[in-house]
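Each of the next two complexes has chain A plus one more chain, namely chain B in the first and chain C in the second.
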Partner chain A sequence: MSFIPGQPVSAVVQRIEIHKLWDGDNLILGFSIGGGIDQDPSQNPFSEDKADKGIYVTRVSKGGPAEVAGLRLGDKIMQVNGWDMTMVTHDQARKKLTKKNEDVVRLLVTRRSLEDAVRQSMMQH
Partner chain B sequence: YRGEEEIQKECALFPSAAVGETQSSVSAAEDLQTYSEREWKGNTTKSLLIRKGYEAIASEFNLRKVRGDNYCALRAVLFQVLSQSKQLPAWLHDSDISKWPKEMHSDQDFITEWQFPFETSKSKVQHLEQCLELLTNKWQEAVQSKSLEERKRMCQQVFRGHDEEYELLEALKFLMLRTAVQLHSDMEKGSDVPEFCWLLFARDSSKCPKTFLTNHLRHVGFSGGLEQVEMCLLGYSLQETIRVVRLYKCDTEEFITYYPNDHKNASPLCLLTEDDRHYNVLVPKKFPKFDAYGRPKWNPPSDGQSSITTRL
Partner chain C sequence: MDNESQYSGYSYKSSHSRSSRKHRDRRDRHRSKSRDSSSRADKSVTIQAPGEPLLDAESTRGDDRDDNWGETTTVVTGTSEHSVSNEDLTRASKELEDSSPLECRRFAGPVLSGVLGLFALLTPLAFLLLPQLLWRDSLEPCGTPCEGLYVSLAFKLLVLLISSWALFLRPPRATLPRFFVFRCLLMALVFLFVASYWLFYGVRVLEPRERDYRGIVGYAVSLVDALLFIQYLALVLLEVRHLRPAFCLKVVRTTDGASRFYSVGHLSIQRAAVWVLDHYYTDFPVYNPALLNLPKSILSKKMSGFKVYSLGEENSTNNSTGQSRAMIAAAARRRDNSHNEYYYEEAEMDRRVRKRKARLVVAVEEAFTHIKRLQDDEAAASPKHPREVMDPREAAQAIFAPMARAMQKYLRTTRQQPYHSMESIIAHLQFCITHNMTPKAFLERYLAPGPTMQYQRENGSRGRQWTLVSEEPVTSALRQGLVFSLRRLDFALVVTVTPLPFLNLGEEFIDPKSHKFVMRLQSETSV
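And then the complex of A and B:
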């Protein structure tokens, strides 16, 4: 990831590959999502722009597949397996992430500046 | 669903000239759903797909139609830049870009190839200098606007189809060329370059900046528009990310495509296309309304919207 000198670092882009885990009959990812174009964006504590209706990571299970893969609380999910997530309903996002025949999902996420992310993760531990 | 009255009130915030409206290069805002149902009647596979695409984003955006000549992609991006940019970008702020044409001309003999869509008594280098100076001034004027109204008036003045508008569009083309030259040079040195560069210069017709200019860029606005890889170059040149809703790609991963796709900019410029040929502008649907003191305020979330979180 290259920084453009002089530009504010507003988003760090990460590629995250999550290997789902069988939990009884279910494949779990170990994180929760909030957001969607059918949701109220003003309730999102992680977005910079309170009108942002994107899909955000609202919880990450400790030691779960998502955390192991490098997903972090507050990450904004831009794509799942190449599919755009910035203009979808909450349920469409859920569906893209929980396809039964896929045990790996590749996410493209943006994360607030390295500084912000570090500060945020320090608050979690 | 928004009632027609609400939509009309919101459209009033985008001034549309009563006289000479047909001269405007960017139309007033209109509802996407209404537009879609009017333009794409019928039940062919294509109509259904396009309407589905419009419907998917209709709750988030209104449409502003852009004059449909071969400049439309540049025009749509320029419009979004002038109407939304929050600050002068570093590259514009830190340099006197009107010096760039002379610098390029002394380095390589490109500018003699340049085509302008208007008459000019100046030399091509001088005219490009003028175009870049105009871009700097207009961008500055836009970000320094004291109110939403002032900004919208300023944009409306620019997009009237006069020489000024085309000078700004030619300025954008010059920036693309200059960036192409830099990136090509970086590639030859073996430095890191964005992915799209390889595609840009892999085309037989544009193996280097000179042929890129001769075979592609100088024709933009005349006999051709921008290819997708050139959209990446445009975004990269401006240090912006262009997000395009591509309706004919509805139901595929390419429905929403970012140019360039490195997501460096957290506030992309939003465009819409039905076919990757003609581009229109998307404006966010939630306009600030005005409180009792005439100050703009954001719409409160409408009823029925929840804020759920789902465990996966």
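And then the complex of A and C:
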């Protein structure tokens, strides 16, 4: 999950599809995000590289649509519905996630365990 | 404009020149020759002068033109040039020639200006008194308006007197080589003014025996007004104009490279020279000729010769050029080691100085613990332990003994021993004891070379002889790129003039409410 500025990022990602839930007037997804290029990356407890300004999942509400879909705490969101999430501000990320006319958000997330699993499986062969 | 010059302790005398530049060059050459010899001679006689012997070879010369008043004495004394180049002068005869001409020549200028000023001040009174004395009976009586004019006249004269005393009645600090242009101008102006007033007075009042006394009083008052304005002009030209900094002077001492930067206003070269010298005595560390050069052991290595053996055929021309080239190359290579030795020698010297300094500090601290100040009540309260009560001089002598050796060794290591005699050290010790100083305060005089002023002895009549060397006439104003130097017997100060840069100051307004800050946090948004 480390990145070199200017170089394309390669990561092992998982596709997660979350169906939004109607909560009164709002559509909620059931998790919280943190991070962004306008934030202080050194305070991110989930990132491996403390200079990583990507969007991370900081809280997953129990029983919410995100947990049901398989989102885990500490995941880094790489794409939302095709929109890139690795170089966006916090507010842009929030906007991309909370579009009122979309019912479903398809996320590409990555986490450390995914990479480890892939490496392990590669080593076994 | 009234002034009487007062006798000051130090005054600068610089060699005058109102002769042509060629003449000056010739004298320069003479001077440099005589200077070398006299400095050689002086160095053998005077032990304590820090590079500036008590008497200079050129101290016999000089029209005395002081700083405050224009040089109106145009007398060029014939003895000056010849006495310089005469190197057989012994010290005694130098002294003789020194004392008497010095006194009168220095004050000729101020005395003349004082006379002129006094004359100008007394003129209005004379204007008032002459009609009263000569034709009192036929004068028209003049009542209240005249009295008003009397009072105003009196006060204006008082103001003139006080401000002249405050501004112009200062002891001359320096004698300049040439006329001080502004002062000459002002004196000429005053003279012209007063002369024309007297002329008109003589023609219009004295001859026809003018009866309108009020008019005469008004005339006198107008003269005093005009004098006040001339004084204002003098104030602006002489004092105020050079206060605002316009040039930056870099002063470098030629012997050891000590340099300073100063800001001055618009001055002529000679006035700038005096200004620089004023600051030289308090800013520059004293010139110590013993600290100058690398020890000979380092520099002499490169001069050693090489023996070149030629193997093979005896081809003389080839060999000679080859030989010389080889020698030069070898010498160049060999010289490379001297920096190494210099470095080690410096390190060794530092170590030695520090060791001696440590010993000195310890010795002085210990010595100071031997005495303490006697409080008044102690003397009465302890009759059974009679202590010997000493005055500061005796106390100083008592504690000098344990530290004498350490002090002497330290001074010798730092080559300062010509500046401090035993007598002066005891005197300084006495001074420090009297003022309750700590050992560190006592030592500050010896641990660092102080400014030259610290080592001046009260030299009374004789001032310091400096020579102003410049390619431009010394009354011209400072401008960019000017270089002049001030020479003494064995060193010189080279002064370079650069103008201070023009400042383009812009403005930027910052609203105090615009200072806002946010914490750099990881904000969390729930979606």
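Just so we're on the same page, the second predicted complex is superposed on the first by the 101 of 125 C-alpha atoms of A that agree within 3 Å, B and C clash if a C-alpha of one lies under 4 Å from a C-alpha of the other, contacts with A are read in each partner's own complex, and residues count from 1 in each chain.
We take it that contacts are C-beta pairs under 8 Å (C-beta built on N, C-alpha and C of every residue); 3 or more make two chains touch, one makes a residue touch a chain.
Predicted, not measured: the structure shown is a model, and the values here were computed from it.
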Which superposed partner A:28 touches (first chain B, second chain C, both, neither): both
Which partner reaches more residues of chain A (counting touched residues only), chain B or chain C: B
Touched partner set for A:13, first chain B, second chain C, both or neither: first
Touching partner for A:90 - first (chain B), second (chain C), both, neither: both
Which of chain B and chain C A:101 touches, first, second, both or neither: neither
Common interface positions of chain A, toward chain B and toward chain C: 28-29, 31-34, 39-40, 43-44, 58-59, 90, 94, 97-98
Contact footprint of chain C on chain A as seen in their complex: 28-29, 31-35, 39-40, 43-44, 58-59, 61, 90, 94, 97-98
Chain A partner contacts - residues on chain B that touch it in the complex: 56-57, 59-60, 89-91, 94, 192, 239, 243, 245, 253, 255-256, 262-267, 284, 286, 298, 300-301, 305-312
For the chain C and chain A complex, residues of the former touching the latter: 520-527
Touching residues (chain side chain A, partner chain B) in the complex: 2, 4-7, 10-11, 13, 28-34, 37-44, 48-51, 53, 58-59, 78-79, 81-84, 86-87, 90, 94, 97-98, 108, 110
